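Here is the structure we will look at.
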């Protein structure tokens, strides 16, 4: 499978995302990670910071066929511009799946040649979501098993700065 | 003889809603479409505009046994006032279904004689939701297969006016 | 809503089926109950016995706009023959729903004008299925809250005769 | 000997929560109810009011082995502090379940000895959620079958004060 | 929590079952494991063999508050006879859950004081079912991560004897 | 460069399977279709016939990078023998998904380098399953929208021969 695109907010990237990315990097010649930069949502980290966490983590893992972009817009349009026809999605649960089926179907209506392939998160990553990690971090719980080391450090700092005791 | 009530936000009405409405119009002598006018939610279009889109679309389809109202309040109370005992709901997915079961059950607690009948969205409409259509429109994607022509035009104008480049 | 058809094995009819039937009888001018008579499946009761249980129970409830048939064949073909376009299905759970969506979709492929409407089983009937009732009866548990009185009696006799101690 | 902890927002406590609590009180020597006091969410009632409703209702039911706390923080940390290792969760639906599996899994990552046990809401409480009760109360629907009497009274007053006509 | 009962076919016991049992043994003073001995189903192993595998595995793990029985009949009746009011069920997935809700509800109809508590299988055991293990064993795949050592040995022997090449 | 394997019973192949296969043929350099030849199950068609139907259909569609095998054994072992590390699965529904997650997880336990990628059946194929097609064919319903022409013909003949009137 040639080039694939993996889109998300990654606020922040979790070990679950990295697991999907590593596996996708073995299936595709090149994987383009797209960090959503929607201005209407509130993030803990800027798009550049979020992209930076992914870059750093992949470098530590010696994965070299992954390129990282930030983007605000329709996924399908970016895919067209980059000449990519395959979207990669990680699935954690049945709940995810229903939403993903809708998105994949609507993407295909935008462009018939856009294909979406799904990978199932490995067992120990199925309960990790960025939003739950943020809640745990906010309450100063342990997050070292949930996110890469650089992200853990940044989250702890973010909490200290934004909600000083 | 039998009247049914079909309640929703319709912000905006999609081809999926219209599909359910057309089919319901064959099952009931009269169908009352109720456009929710809750003041606490933020809509793209006013209740009157939303009702107007439905009216226009049904006129184009020559459906005449459907009446359209706007309303802010408990569905069951309006049904009682209008002497209607059957609520019509369109189902897109399993996720929808769980929510709908709760609503139907709570409606029955309000009034034991209120019955809810469910229709399954036809296959090609199962992934369309008003919120996803709005996101696609916001990013200037194609929405002509998702909403009636009048709605498409209004959404494009809305995006231009509200988020001028 | 004019005539509706409610198809099932009813081996045996449960209080859940009767609940759906009573509610359907208020929505339709006439409801045709079709007892599947497939020769390839193994039933506790013959199609005639199964139809008899429903008839007896409805008579006790004074419901008069329901007619009962037995039939072995495609539901859609029988509906066409009887001039019926609406199928009625009772839903107990999300699991049921997925199966029912498939059946309704395939029925529509057989005949575009066949419509399926779904009713949700009332809360206290959502866990009752004919197969579970049979298992409980086999082990001589209490089934009086699960099936009509005539069915309860017949099941107890069936167990005694077929599995004498 | 065994203590269990039952955490929630309880804004407000419903008859569904009380059903779970009564059943849990028979399974454990002591049940600690923890009312979440997160400052970032908007509640109808203060943590103290919410705790008060539970207390009052349990007193009416003569349940004496339940203690009520308010707390803002990670559940697992409070459990550790109180020497509790069992969390109790009530499940209403499949949708709930997926979320609960994630929370239970993440709690176990925080502390391997934390165990979560699930009770299924009794049939007639499965459609009741605090958020739906609030919506019905806002529109002045009947809530007496959904919440304890003291809560019903407080909700009606809250609506009158906050949204005077 | 006092005494709990954990019922199943255990044909054969898997590491998933053992995981639930170990955790249950920490929650209850005593856990009674009931091996279903239904004569109408076809098992790979006799009820005595199946009970033996569990006994052996628990002995290796030094768990002493678990007693093992074989039984053919209604769970609720056995629970009544033994003076037990709590049933323990392990949940692997949403699909399981719907079935379990039905069973728990029907058990409560048999006896109002029967309570069912659910534990979620730990992540790495969520995909293991006895039937899948048997299929893998039949095709001579690796099963050492799925079942206890004694079971693995017995399954390999069973396949050799029953389906000699 | 990349090869994928698509395993199934295909008794018979449906338009849904063909849809997945065509899309997979665009994602992989070569797709190996494996027709399960388990001797313990009862099929309408022999493994060779089932493979033949697929071959014929793909020839009609001018798809040339797909190879068809029949096989009785563990998927993972065949993949190892053929040097394939990617399994392709088509998903029709949430119900499918849970089963598929279990299978994919167990396959990974057999061999850590086996990856499973999922494609969602296109909307109009989501309700088609081989077993439902067989039931419709048995009752002489229309199956031309569900299976390729060659399969339709063979099914009609099969029904005539096996169940002569």
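Should a chain be cited, it is by its letter among A, B, C, D, E and F, assigned in written order, with residues numbered from 1 in that chain.
We take it that contacts are C-beta pairs under 8 Å (C-beta built on N, C-alpha and C of every residue); 3 or more make two chains touch, one makes a residue touch a chain.
The model shown is predicted, which means the values in this text are computed figures rather than measured ones.
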Checklist outcome for this item: When C-D and C-E are ranked by contacting C-beta pairs, first comes C-E
Item to check | Averaged-CA centre spacing for the pair chain E and chain D, given as whole angstrom | outcome: 32
Item to check | Distance from chain E to chain B - Cα centre to Cα centre, in angstrom | outcome: 48
Checklist entry - Mind pulling the chain B residues that touch 2 or more other chains? => result 94-95, 98, 101, 105, 123, 126-127
Next on the checklist: Can you work out from the touch definition every pair of chains that touches here?
Outcome noted: A-B, A-D, A-E, A-F, B-C, B-D, B-F, C-D, C-E, C-F, D-E, E-F
Checklist entry - In their complex, what parts of chain B are in touch with chain F? => result 94, 123-124, 126-127
Checklist entry - Quick one: in the complex, what on chain F touches chain E? => result 73-74, 76-77, 95, 98-99, 101-103, 105-106, 109-110
Checklist outcome for this item: Listed in rising order, the residues of chain C that touch chain E in the complex are 93-95, 126-129, 132, 136, 139-142, 145-146
Checklist outcome for this item: Per the touch rule above, chain E residues touching chain D in the complex are 1, 23, 26-27, 85-86, 91, 94, 97-98, 100-101, 104-105, 108, 115-120, 122-123
